Amino acid sequence: GGRSEAGGPAHYTIEVTGSTSVSPLMERFAETYSAAHPQVTINVSGTGSGDGITGANTGVAELGMSSRSLRPTELGFGLDVLTVAIDAIAAVVHPDNPVSDLTRDQLRQIYTGEITNWNQVGGPDRSIAVVSREPGSGTRGAFEEVLGFVDLLVAGAIEFDGTGGVRASVAGNPNAIGYISLGSITDEVKTLDIDGVPATGANVASGTYTIARPFLVLYRQEKIASETDRFLEWMVSPEAQAIVERNYVRVN
Amino acid sequence: MIGRVHRTRRRIIDLLHLVLMGTATTTIVVFLIWIVAYVITNGLGTISLSFIFSSERGIGIFPMVVTTLYIVIASLTIALPIGIVTAVYLNEYSDKPRVVHFVRTAIETLAGIPSILYGLFGLLVFARFFGLGQSILAGGLTLSIMILPVIIRTTEESLRTVPQAFREGSLALGTTQWQTIYRVVLPSALPGILTATILGIGRVVGEAAPVLLTVGIARNLPRSIFDSGRTLTIHLYYLTKEALNPEDFQIAFATASVLVIFVLVVNIITKTLTTYFRKNMER
Amino acid sequence: MEQSPAKFAIKDLNLYYGVFHALKTVNLEIPDKKVTALIGPSGCGKSTFIRVLNRMNDLICDCRIDGTVRMGKTDIYDTTTDVTSLRTAVGMVFQKPNPFPMSIWQNVAYGPKMQGLRNKSMLNDLVEESLRRAALWDEVKDRLKKNALSLSGGQQQRLCIARAIAMQPEVILMDEPTSALDPIATKRIEELMGSLKRDYCIVIVTHSMNQALRISDKTAFFLMGEILEFGDTSQVFDSPRHEETRRYITGHFG
Amino acid sequence: MEQSPAKFAIKDLNLYYGVFHALKTVNLEIPDKKVTALIGPSGCGKSTFIRVLNRMNDLICDCRIDGTVRMGKTDIYDTTTDVTSLRTAVGMVFQKPNPFPMSIWQNVAYGPKMQGLRNKSMLNDLVEESLRRAALWDEVKDRLKKNALSLSGGQQQRLCIARAIAMQPEVILMDEPTSALDPIATKRIEELMGSLKRDYCIVIVTHSMNQALRISDKTAFFLMGEILEFGDTSQVFDSPRHEETRRYITGHFG
Amino acid sequence: MVIFVFAQGLAPFIFPTAPSVEVVLENIPSARINDLLYENYRRAISLDPEAEYLKIEFPRELQDHLSNPEHLSYTLSFPGTLPGLKSRIHINIPEPPYSFPMFMTGREWRPVYRKLYGIFPMIVATLLSTLGALLLGTPVALLSCVLIAEFLPSRLSLLVTSAVELLAGIPSVVYGFFGLMIVVPGIQRLFGSASGSSIAAAIFILSLMILPTIVTIGVTAIKSVPLAYREASLALGATKMQTAWFVVFTSAKSGIVTGVVLGTARALGETMAVILVAGNSPQLPTALTSSVRTLTATIALEMGYSAGRHNEMLFSVGIILFVLIFLLNGFIMRLRGKMLSEVSS
């Protein structure tokens, strides 16, 4: 961040960098906040969770964003962490797919390659096209961790580097199964219930739907300016959390 | 000395080749039309003045247009002078064959390097090492290195086509070498330099991987070249990748249409300017 | 006729293109205010020689030169000689007309401008005078702003001559200025040379015996890089000293 | 001398480049087994005319032709005429030597190969014989695999002649084949023409009066796209019917 | 530039990930490690390299929950409510330098937890998709080069050339987009496979993308062949087609090779379009419908998310790309040198 030389009330720019899944939410935050505080500009760059963490650690950006919990090495940086939202991850299939409910076990087995045909889970006789995210994606990390198949993804799984790619791929392929952020569901795809529990914000909040991950903001308390501090506070305020609620699950 | 049989056979073979060539060319043209039509028919509905000139989320892409222009200007400002001077050096002062050979080899190599590696380099050197962060300047520097080979090669080609007679004519009038280059050689090579510029613009506008790594995807209207920003191509990439809202695909198509139309316009401008200059030169 | 002073004095000139020995021990004195013609079969070194006189061969990288070439008192191949000012004093018209891709006016004004002449009205006068002397003024006076490349071949050649004259050089070198021209244009240019030689030293390369005979005062006959014969044109054509010269002139080869 | 039959009969030939009228009502009969020389000032239409004889002008898009050109019995501009086989019968040597960037052997063998001759030993024989006749065999027999572009200008020109002979055409057209050659090469090629005319009809364009006089049986004098004079070479040179011919031949222009 | 990438990319084969064993506490207010008390400590705790054992004492309430510690090798976790708010203790044991042969020949790319960095499948995929694109695209490109430059009337030729240049200027993301929406479903339907994201789709899109490069450069090369060669060949009674192939095309060989080379470089280096259509599974392809991941795709996919050794490994992948390009360039220079010497000597 930095102060501009222009006159008037001191202008301040907050640099935010990191996760691409957090950045849409952060951009909305930024717009709303800047509208109320015209002296503050917030620059959001979505490059990836790893970059956000490194950026906050090295001071390239004041705030970093991550869509996954920190890894051990990164925890060792000693960054301060603020959870601004919880994002549920929904398993999705093509709307024409008759299957609408899977158990956690079945879901895991599909992703590890133990189940390869839809007829094994009560669907038609078609092989399953498994769609995943790229390694390192926050969404994938949380999904694998919650279902307990970390690094065991079936070898032939298709990997996309974004929610949109996964959704488009599932929407265009009746054999496909994928998982995406709850906030990105559209009627191009059908959301599966897991163990009979539909993926909704309410179910996440109540703890019955457990495939979820946090949206984190990282910073160093001792380095940040007072403007940034106020922005951080605001992000967990009811006003900000109301924005969260539109697509994600609020934190408090 | 040739039989009628052979002549007939030759004719058939020729015809066969012609059919094959026709098929190949038609394939190319059909795919071109398909791609352009696919993108534009899907995107045209969304394009409007406010789509291009509004900064508001979900309505306009003005910040991306501005960032794209910034990047184009930044990288051309850096790459054009360096590229032209290098090309002039290689072509006009090539009295040190070793140096020239080395520079040529370096350029050939640069030309073949995948753009993502330029991105890595820019990220490491400009963004991290020189502390520019992800910014238009870092991106401009990276992209200018990337388009340098294109500019040098194309400029050199056009310098090579400037007849030696022009140089001799000028030097014989007692002008210095620099005057000759500046007044006679460069103006004659202008169409080529223009082509180089346009190719460079096309590359800068179309490139995604290195831009993503060095400029970032900040959606704000950049206020200086030290700000991060999002180019049209990145916007398109980002929309397809992280499509958050149902309408994002519409916007993606519209953005793609804007890009395609931009490329089209740039091409038409080049063609027109080139023919204009050619005409001016020849007749 | 021998009284006019020598403009160029060439002594023991040897020129090599790489290993190829293109000019072999050439000795020659070129008189001022006269037309000197260089004749000889193709590939014998005429162009090479004429390009020695304004150091145009400097542009060819593997070209090496031995011996001395003096213009007036200065050794033009001395390292301290300023090539640019040498070329200012020695104008050249090339075998193929090579006007710049600019307007007619700009073509003629180009040289003086590069020398620092900025005054527009002086330039205008200079351009008009040069074009008049090259017998081109009447044909182009209404379209000085037009591109020079739109002129016909003969007009282009005369434009190049005007461009050379505008520099007010001491010497004009012409390499086969009429080889590609039709009879009428050829005649015009020959007349021009006749009038120019009053002020300048003119050296001309030609493949046409008749042209040499018509316009030159002195003739040098080149053969395989050597000067076989040099003297007054009338003497060379009427009573050549060498059998080869006679055979060449009467068309038995070339 | 007039008894030999006409190879080409040209009647009322008019040729236009766009709006430019390059050949004006040309009528001419070119005899077989003779050398016919075309002379005339630059730009008068000699090259244009010679290219009419093997329809090379087809390559120039804005070129339009009127009148009839017969070779033997066939009208070569008839729409049913096969241009390819016409050109097989009419060989051409261009003003500038233009060997293909391939080996010497491949250059000579190219034409026959394209006609379907595949037999390697027959090709070898043909190449050798053609090169011998073009007086080039001795100089290149050890380096037939070398690139043709590494030959000297004169050798290249002879290679192009060998290439044309290898096709065993009925006619050979040569456009200024010696204009860029040194005396020795020129002489060789002139001798070659002398021996070739026993079997072929030869048409040659030349700028050199002396050459025309030395080698040709018939001479046509072109001026501004018209044939001003045509007849036996001795008659054209010794007693020209037109004043312009006389003036051109004696070097009063061109 | 080379130096920078190399410096970053060679590190994992030389250095271990950390100088000593570290302990990291996540959401644990206090713990006693090797008899030292850490309260609200959020930095990595480096242990004395000489230490012979590691003793961790947890607060009582956590000890009750301690369960099944070996399921993740270095991390002890405690059941909590939400991901990110769990209490965990991580013990970072430094990894030794990675073996370069394993990097090159390893079949598994599991960079996050299992720390396997084998890029062999990606090398194969990169080479196969480039080769495939060349095999499919080059003949089409060359055929139309000749048609455009030699046979089409000049107006039409100009029109087609402009169109092809337009094709060259379209951003690769647009190609990828087109591939994702049209080509991928098409291939799925054609082969009846589970998914259309495959090496076949990558080859198809890549061959489409290298067409304009080869055609534009090839047409320029063919058009710059002197008219004299064509005249000479036609005057020898060769047909236009024979002239086009045996004289014009052969003379333009060097320029055409340049075009093919630049096309190859483009195919080898293409990133965004490939990511969208190839499926990106780091596996050895067994069929045309196998989903594959290329080297460039790996860099672009993971650069933003990677940290530590994983990040450095992506630079190592960059080095491999560099080497491939160098080899390609060397090969071309050889080839061109050969061709030039063929022409000049």
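A, B, C, D and E label the chains in the order they appear, each numbered from 1.
Here is the rule we use: a contact is a pair of C-beta atoms (placed from the backbone, for glycine too) under 8 Å apart; a residue touches a chain by one contact, two chains touch by 3 or more.
According to UniProt, the chain labels map to these proteins: B = Phosphate transport system permease protein PstA; C, D = Phosphate ABC transporter ATP-binding protein, PhoT family; E = Phosphate transport system permease protein.
These numbers come from a predicted model, not from an experiment.
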item: Chains contacting each of chain A and chain B, listed by label; value: E
item: Geometric centre: closest chain by C-alpha means; value: B
item: B-E against D-E, pair bridged by the larger set of C-beta contacts; value: B-E
item: Gap in Å, rounded to a whole number, between the CA centres of chain C and chain B; value: 46
item: Where chain A and chain E are represented by their mean Cα positions, the distance between them in whole Å; value: 25
item: Distance between chain centroids, defined by C-alpha means - chain A, chain C (Å); value: 81
item: Gap in Å, rounded to a whole number, between the CA centres of chain D and chain C; value: 34
item: Residues of chain D touching at least two other chains; value: 84-85, 88, 115, 167
item: Multi-chain contact residues (two or more partners), chain B; value: 10, 212-213, 240
item: Multi-partner residues of chain E (at least 2 other chains); value: 180-181, 239, 242, 276, 300, 303
item: Chain B - residues contacting chain A, complex; value: 57, 127-128, 131, 133-134, 212-213, 216-220, 223, 227-228, 238-246, 248-249
item: Residue ranges of chain B touching chain E (in the complex, touch as defined); value: 10-11, 13-14, 17-18, 20-25, 27-29, 31-32, 34-36, 38-39, 108-109, 111-117, 120-121, 123-125, 129, 145, 202, 205-209, 212-213, 233, 236-237, 240, 252, 256, 259-260, 263-264, 266-267, 271
item: Complex contacts: residues of chain A adjacent to chain B; value: 15, 17, 20-21, 23-24, 27-28, 30-31, 41-47, 58, 60-61, 160-165, 167-168, 183-184, 186-188, 247
item: Chain B-facing residues of chain D, complex; value: 82, 84-85, 88, 112, 115-116, 167-168
item: Of all residues in chain E, those that touch chain A in their complex; value: 17, 22, 24-26, 42-44, 72, 74-75, 81-86, 90, 92, 109-114, 180-181, 184-185, 188, 194-197, 275-276, 279-283, 290-291, 293, 300-308, 310-311
